[in-house]
Structure formats: structure tokens, C-alpha cells
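Here it is, the structure, as C-alpha cells.
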Amino acid sequence: MFPAIIARVSPRHFVKYTFVKVDPAWRRLEAQRREQDKLEFIAACEDFADGHLLQSFSLVGTRGDAELMLLAEAENLDRIHEFHVVLAQSGLMKWSEISHSFLGMRKGSEYSEDDRSVPRGFRGKYVFVYPFVKSREWYALPAQERWRIMQGHIEVGREYPGVDNHTTYSFGLDDQEFVVAFDTDDVGTFLDLVQRLRTTEASRFTVRDTPSFTCLAMSLERALNALDGEPVALAAGL
Amino acid sequence: MFPAIIARVSPRHFVKYTFVKVDPAWRRLEAQRREQDKLEFIAACEDFADGHLLQSFSLVGTRGDAELMLLAEAENLDRIHEFHVVLAQSGLMKWSEISHSFLGMRKGSEYSEDDRSVPRGFRGKYVFVYPFVKSREWYALPAQERWRIMQGHIEVGREYPGVDNHTTYSFGLDDQEFVVAFDTDDVGTFLDLVQRLRTTEASRFTVRDTPSFTCLAMSLERALNALDGEPVALAAGL
Amino acid sequence: MFPAIIARVSPRHFVKYTFVKVDPAWRRLEAQRREQDKLEFIAACEDFADGHLLQSFSLVGTRGDAELMLLAEAENLDRIHEFHVVLAQSGLMKWSEISHSFLGMRKGSEYSEDDRSVPRGFRGKYVFVYPFVKSREWYALPAQERWRIMQGHIEVGREYPGVDNHTTYSFGLDDQEFVVAFDTDDVGTFLDLVQRLRTTEASRFTVRDTPSFTCLAMSLERALNALDGEPVALAAGL
Amino acid sequence: MFPAIIARVSPRHFVKYTFVKVDPAWRRLEAQRREQDKLEFIAACEDFADGHLLQSFSLVGTRGDAELMLLAEAENLDRIHEFHVVLAQSGLMKWSEISHSFLGMRKGSEYSEDDRSVPRGFRGKYVFVYPFVKSREWYALPAQERWRIMQGHIEVGREYPGVDNHTTYSFGLDDQEFVVAFDTDDVGTFLDLVQRLRTTEASRFTVRDTPSFTCLAMSLERALNALDGEPVALAAGL
Amino acid sequence: MFPAIIARVSPRHFVKYTFVKVDPAWRRLEAQRREQDKLEFIAACEDFADGHLLQSFSLVGTRGDAELMLLAEAENLDRIHEFHVVLAQSGLMKWSEISHSFLGMRKGSEYSEDDRSVPRGFRGKYVFVYPFVKSREWYALPAQERWRIMQGHIEVGREYPGVDNHTTYSFGLDDQEFVVAFDTDDVGTFLDLVQRLRTTEASRFTVRDTPSFTCLAMSLERALNALDGEPVALAAGL
């Protein structure tokens, strides 16, 4: 069964997490300049969102190395590339760095029946994202043994139905093997789940699961307003 | 007992440690500009402190990568977010970076009867904070075994009644599992306690306990004055 | 056989991967200034490309720490050096950092009959590059044992004929032992291959295989346009 | 004996190592501006040195991440804090970063009769400083076993009487457990000692002993002159 | 024999490797300004080279984190310090960072008869430098066992007579134990040697051997011209 699932391929979508860190000097610019910079950022996003999944999140208050996160999904890498070319031309990105970036692909899991190949946006108020790498000892286990261990892991997750998993795959594409993401409306329950998962057998094979980002889901307009506290007037909201 | 305690949830508060590193160029600005920048920072804090726990600390003289630390506690993430949105609009934050940031939640310990879910400020003159990660070997131990080992750890702590623990939980929310914090009026006793704890059985399961911050508790007015040596005139102190 | 292959030397070419990160401030310059800066960059590349392999790639949309990658191949280090001297004089490099750099040499593999000593450009639409270090346990194995293990690895690779390997050697020349590179037109197939290779015996001896770069092959003109979204008028394309 | 010694507390002094990295742009300022900046730095130091141990060192020529080091000793943290508040107001610190910082306390060793609780300045021409962390396996050993192992370590040190140890304690106060410092007039002998100590049993329990700083002891005036090569006229030397 | 050799001391010279990273903004300055900046750098070097070994290398084209490397040798640390004080006053260093720095001392090896205590310049066209740290397991071996293992290592090196070793010692002086350096006229042969050495028994005790720098030996004039492509008129070449 294992080889068969591995061989199952596309059409699989690309998922890109882009974390933006704004230069503090940008907040010292004139309000009018900042509004224009944000409007250009919105225009770039609206262009891409017409036909593609695009979601925005704020990290103001949860971390110090990013203030905004965009989740962009497309059918190929070229479309992801084009979106970021346009985004880079916005005034806001001329004062920003992409402090973290995770590129993944949707792919069905060999341990689960869930269909993970289709685009699926986050619905929860809070999204948690981290890059994930397993030990080589894990991959040296027989496929059946890995399957058995993962069932215990998945069963714990099922006890927390309010937390939804959105893992994508990055093998060879980026510095991690998986981009693990969860969304929920209840942060405390998510914290309890992660603490509980530490005791599963699968947990022992984790090599890296940081940095771990807590993101607040909100409209792009609100996420941009959170950068400098000033509202932008939108022709069309996202 | 273990699953029962894990399942015990909210209302649990969020606790945010925000470490601020001021650009040296800010200290080259005119005194009047700097005073205005600090007054805006104070205003943001006063707004939040009306109804929430907010404490301020100086790190001038104890480290090189942060000068100020704010501890903010709120009933949900959105209130923490809103506070930092307002804070970022202050003149001071337009010249600063958040060089370190720890997000935690209050949660009762499975190893102690102490109620840790309610807001509780630091009372000591000195506060010590560090992110904490335990090994996966720890979590693979049976709950009873972990309970036994932690009792030895806790008993050592009880021999130092002048040192108070304020640990919060970060599983899945941030890069660490716990934000460990202590306060005391006697730094030497705290150092002795930490050295003593190295010999406990629990200590062997530590993976990460740095960076470790020594913070001096003081009014926000004093902590801000420590940035450039100049006093601000406050309408109302925090 | 092992010493004999090791002793096989030149003429072996040098291969240089140069990843360019443009200062966001550059995108705030006048369009005319930026066009001139890019034309100078193109001129430097055209000069080198006359007689040498030079390929260009964009990383806009795949990472945050580089926007452009150049692959330059030459018969000696001095020619690689001269190219970068000229390149550094271009306006674009006066606003850029080389955020990552990998220097390698072509060399025949002791595990394969493939001739890897001659210049060979990437043909695929997508190129994946990462620095690679194996454990000292690997090198402590007998040559025959390493040969056996690598055959299993190579056989898996052969099941994915659409993915082509371009590994070069860096022992003592740079921070890694190998610069591993693949090209393909099908990203999903490459991801499947890398995930599959995790289960080979050879995989257990990996110490480092990050950062891992996903690069989009394109003309230098297009790769430069991706930096600021504005086309340059070329006298001669590469 | 072990618990008894651990319980032995204050009055213990604080020792602060502050490493200063000057912005290259400062050296581009007018000579008069630089002289004023240095005079303010001197004034801050003279104020503290009146009643406290303060020593200055240059790192120009030994490292790239710091040019100046100040060793400040005081009876409590508040006095260390006040000193750095005043220091930060000097013109020089408005163009500098504290690139490394180590906070320690004097404390008697459980392995030696030497009294380490009293202030004691460096007398050698060269000072070597590094943060030190031991493995948790070390602390899991019985006290008597640690005592035995340390005697072997100390005996090697006694064969090099020209090298003097100034270790202080940082458990819980900073990122390291100890700030290890040595002074000597003969660098080569110190190097021989450190190489020799690698073969002691104690050495196997080292987890971290870097970064390691070679510092040249000199008057504050000379250490500041080394920053830009220009002498300052002092009313009173330190 | 081992203690006897360890006890063998000076007169041993200091060897300093200084890697310079020029701010890209410097290349945007007027040509006349840049020429003056380079001439001041040359003057500082000529002053030191009168009586001391000083060699210059370019890293343009081989790495991204340094463009120039100076090797300076002197009879004591104070002379190394003085040289860098003067060097820092040059216009070029006012726009540069010392991105890497290795401080070592000459010292005879306990494993070889070669006299390594006297100054000896690099003669090859290419120089390779890296900081080197061995495991504590290595130092726990009996001296005779280490001697045996090193003979195997040295014998492999002898099969490559075109590669010359220039290792110096840094125990306690810097972050590494050794600064390993080789020179050769044939890069490929050096690469083959390093790959071959991976299979020696000694290799298993390596903890760190990066970053690894490939440097092109050239006159100071040429190395400086490589920074901005423009020649300086020298009164006297080095």
C-alpha cells in the first residue's frame, strides 16, 4: 500500500506561507504615504485572490519577527511566483522583509484517508503554523510500523474535533519536510492537544518543530490596519 | 488522573512577554522628540493596564539584546493583539524592535495543587524569564514516573521560599513548551536555587532553557527613563 | 577501485551558485536608475556567458532570503573570481547582498558510471539546490559497503527519470561536502522522489541538507524583471 | 559538605562583562564629535569607578564582533543597572551595540578553598573570557565524584601559576552557568594550559565554552583611542 | 613525551586571519573617495608589512560573507592590536565589518617533527582556511593512541605533496581549537585530499570544521581592486 500511495500524484496545489516583517522606519512615514503603500499591497492581493485561495493573518502581539502572514494557494509555482513579483512592487514591500517563508504542496497522507489534495482554506479564528522535520530513524522504520504509530497520533487528534489540521509537504522544496498548520477557535484546546501529543510514540521522532507561529485570522484590511493603526478605505474587501 | 488534569481547561489567561530593543539612533534624537515618543508608549500601556495586568521591567545593565520588557496579561489573544497594535503606533516602537517575545497561557500543573490559572503579578524586585523545552524522552515516561520526578524538583524549590515561580504554557503557541519565570528580592538565593536544581533528576530532561533574562522590576516611568536617562512627566503613573 | 577513482583528476570545472538578496530600498529608487542598474548586471553576465555556462533563476515567491540565483561555470577559480569582480560593479550589486553562496567542482562519482566532469546546464523548468554533508560514520564504512548502499539510493532515483541530478563536490572548498542540485519540469514528482529517498539506507547518514532552494529557471531578463516588475530593453538576450 | 557550601550566601558581588561593538559609521564622524563622544563615555565610567571595580580592555585585533570590553563589579544589580543607564547616554553608546554581555555573581566554589566572594581585579596584561555550560550528566554525578574529578582539573591549573582564574556564577541569571575568566602576562602559557586541560576527565562534561574572547588590558583612555586612533585629553585617568 | 612537548613554549608568533566584508553602500561612493579609502588601507598594511609577515587574499567569487582576507603575523598580541588600530582608521574599514576573525599561535605539533613555530607565508595560489574543533572523546584517548591515529592522517597528507599545511593553535584564545590552513596551486587536488581524509580514523573525532574559506592569493593592490574594479596607483607594492 505504501508505494502505491507515494506514487499518487497531482493535480496537487502549491501552498505558500509568507511572513512579512515591516521596517520600523515605515511607521515613521507620512500617513498618506502609508495608506498608499497598503493600498498597493491590497491591489496585489486582490489580483491574485481572483481565482485563488488567499488568506491573511496578523502576528502583531504574538511574535516579534513578523507582523503579517499571507497564505497563497495556486495550481503551479509560476502563479505563486507571479503573485510575489506583483506583491514586491507594492509600497509596503519596499519597506519590508520576508522574515519567514514556507513552501509546500498538497498531498494525500499515507497514514490517513482524508483527501488533502484539494484547496481548503482555514476557517478558525486562530492558525498555528510550524515547519516540521522527522528523524531519519523514523523513515528507517517499516511502513507498517510507521502506519501503526501514526494511528495512535491521529486518534489523539480526533479527541479534539475543534482543531483542524492543514499539513502540506515540502520534501526537497524547502528547509522542512512538512508545513504543519492547525486552525481552531479555541487556543486553549489547541495548547492542550499539542501538550497531549508530546506523549505519543510518534512524538519521539520529531527533530524540529520550530519556529511556531500563532496567527490571528482577519481580513487583509484589518491585518494591514494592525501595522500602523490606521484604516484604509477599500474599494472591495477580500 | 493525568488525562483528567490535561482535560481541565479555561477560562485561562494569556501572558505575553515582550522584550524591546531600541535603535541606538533613537538616543541621538532631540530630547523633546524622545519625551513625546515615551509619552505615547506610556499612553498605550495605560490604556491596556486599565483592566488588565501589565508590568514593566528594565534590562539595561543585564543584557545587550533588550532594554525593556513588558508583561501583559489578558483573557484572550485578541486583547493582547489590540494592545500591541496601539503600542506599535507609539513613537518609541517606531525606533524599536521586539528582540524577544514569549507567548504563554496560564494552566494548572499536573504535578502541583497550586492554582496557576488566575492572573498573578510579579511581586519581587527581580524577575528571571526563560523559554523551556523538555526532551521527548521525558514525555515518553509514564505519568506516574514524571509525577515522582517532579516532586523531587518541587521539594527543592520549597527550600527557597523567597523565590516564587510563575510558569506558563506555550505548547504549539510559540517556540518553547513553557515560559518559566521566577521573582525574588534576593538574586543570590535564586542563583543558588538554580544551581541546586541542576542536580535533580528532572534536570536531566532539559533540552533548552536559554536565553535567560534578568529583569529589574520598576514602574514604566522609571523603565523608560532608563532608556535615555531623562525623566518624563506623567499625568498618571502605572 | 576506490583509490583509483579518487585519484582521477581534472580537467574539472568549477561551479558557483550565487544567491542575491536585493535591499528593499533599491525598489524605492527611480525606475530609470533601476533599469540602468539591471542593464549593468546584464552586461556583466553577457561578458561571462560568452564562452562559459551561465544560467539564471528567480526565487521570488519561493523563499524570503534571496530573489535571484546565478549558476556560473568556468575552467578555473580565477575566471569565477573575475566574473564576480565585474558583477559587483553593476548598479544592482551595489544594493544587494550575496545571501547564500555555494562553490563546487565537477568530479566523477565513485558510485556511478555517469560522467560528471563536463559542463552541463540545467534543462528543467525548476531547479532545487541544497548543500549536503554526510556523517563521519558514513566515511568510516568500507568503500564496498558505501558502494552497496549508494546503489540502493541510485536505483530509487532511476524510477523518476524526469528528475535529473547535477551534484558537484565542495570538500574543503566551502561549508558543505556536496552541492546537490536537481532539475525537473514536474515539482510534484521531485517532492515524491525526495520523500521516497528518506527511506533508503543511505539517507541515515545525512547530517545536513538545508537550506533547500526552489528556483525557477528563466532568462536573465525575466529574472531581473521579477525584482521590480519592470522590463529592461536588452540589446542581446542570454 | 556539598549542601552546606551551596547554602553559603552573600554578601556576594555582581560582575558584569559588557562587550561594545561600534558602528563603523561612527568612525566617519568629525574628530571633534568623536572626542566628545568618548569623553562622555569616560565620564560615565569615572562616576562608577569611584567606589567600584571597573576595568577596561580592547579587543581591536583579536575579534571582529567587539572592540571594547568593560568589567564592572558592584554590590547589587541596581548599581550595575544605574551604571549602564548613564553609560548609554554617552555619545559613544549612541553609535554602539552591546554585542555580547555576561552577568555573573561571585560565589565560593564547592571544589576549592579559595575565597572567590570578594572583588578582585584582573592583574595580567591579557584576559580571556568565555561563557561556560556543563552537561546535565555532570550534575547527575554524586558530589564526591564531582569533587574528585575537579581536583584533577585544579591540579593541572596549579602547574601554570602565571595564569589566574576569575570564574563567576550565572545560573539562572544569564545564558551560561559560569563566566570563566583568566588573566596572564603570557598568552602562550595560557594556550598550553587550555590545550592540556582538554585531556582532563572534567573536560568531558563541557557542553559550551564559546565564544571565547582574548582581551588586552589597558587604561580606558587607551582602549577608547584604539577605536579611532585619536587620543582624548583626560582630566583624570582611570 | 607528550607532557614534554606540551611544555615546549615560545618564542611563538601570533597569526591573525581577518576577513573583511565591505558595505555595498561603499561601492556607491565617488571613485575618488573609494581610491582614497583604499590608499589608506594600503598605507596601514605597508606600515605593518615593514618587518612582519602580511599577506592578502580575495574572496570575491568564492563566498558571500567576505571579500578580502588579511593574514598578519607578529611576535606578540600588542603588535597585532596596533596594526588593527591603524587599519580601522583607513577609509575602507569605516565602511566595512570584520565578518570573520581567527586568532592563532604557532606551536609545534605533538604528532609531527615539522617545525611550526617560525613564521612561514603561504606560497600557493589558493589558500583554504577553516576553524577546527575536535571532540572531547579525542582528548580522552591516551596520547599514544592519538599519536597512532594522527600518523594515519599525516600519511594520507604526504601523498599530496602539492598541498601544504599551515595549522596554528587557538585553545582559549578564540572560538576554535585550531585554525587549519592549506595552500596549493591545484584546487582539485586539495579537494581530493579533503575527501580522502574523510575516511581516516582521525576524521571521526571532528566536531566542527566550518566555515571553510577558499581564498585567492594576490597582491594587496589586486585584492583591493577586486572590491570595486578600479585600480589604485601605488607608491610601493606589497
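Just so it is clear, A, B, C, D and E label the chains in written order, and each chain counts residues from 1 on its own.
One rule holds in what follows: a residue touches a chain if its C-beta (ideal position, glycine included) is under 8 Å from a C-beta of that chain, and two chains touch if they have at least 3 such contacts.
Keep in mind the model is a prediction, meaning the values are calculated, not measured.
Common neighbours of chain C and chain D (chains touching each): E.
Number of steps on the shortest path from chain C to chain E, with steps defined by chain touch: 1.
If you average the Cα atoms of chain A and of chain D, the two centres end up 44 Å apart. Mean C-alpha position of chain A lies 27 Å from that of chain B. Shown for chain C are the residues that touch two or more other chains, of which there are none.
Begin at chain A, move on to chain C, and keep following the contacts round; the order you get is A, C, E, D, B.
If you check the complex, the residues on chain E that touch chain D are 6-7, 9-10, 12, 14, 16, 18-19, 23, 76-78, 80-86, 88-89, 93-101, 103, 105, 107, 136-137, 139-140, 143, 169-175, 177. Residues of chain A touching chain B in their complex: 24-25, 27-28, 58, 60-65, 126, 128, 182, 187-196, 198-199, 201, 203-204, 206, 210-212, 214, 216, 225-229.
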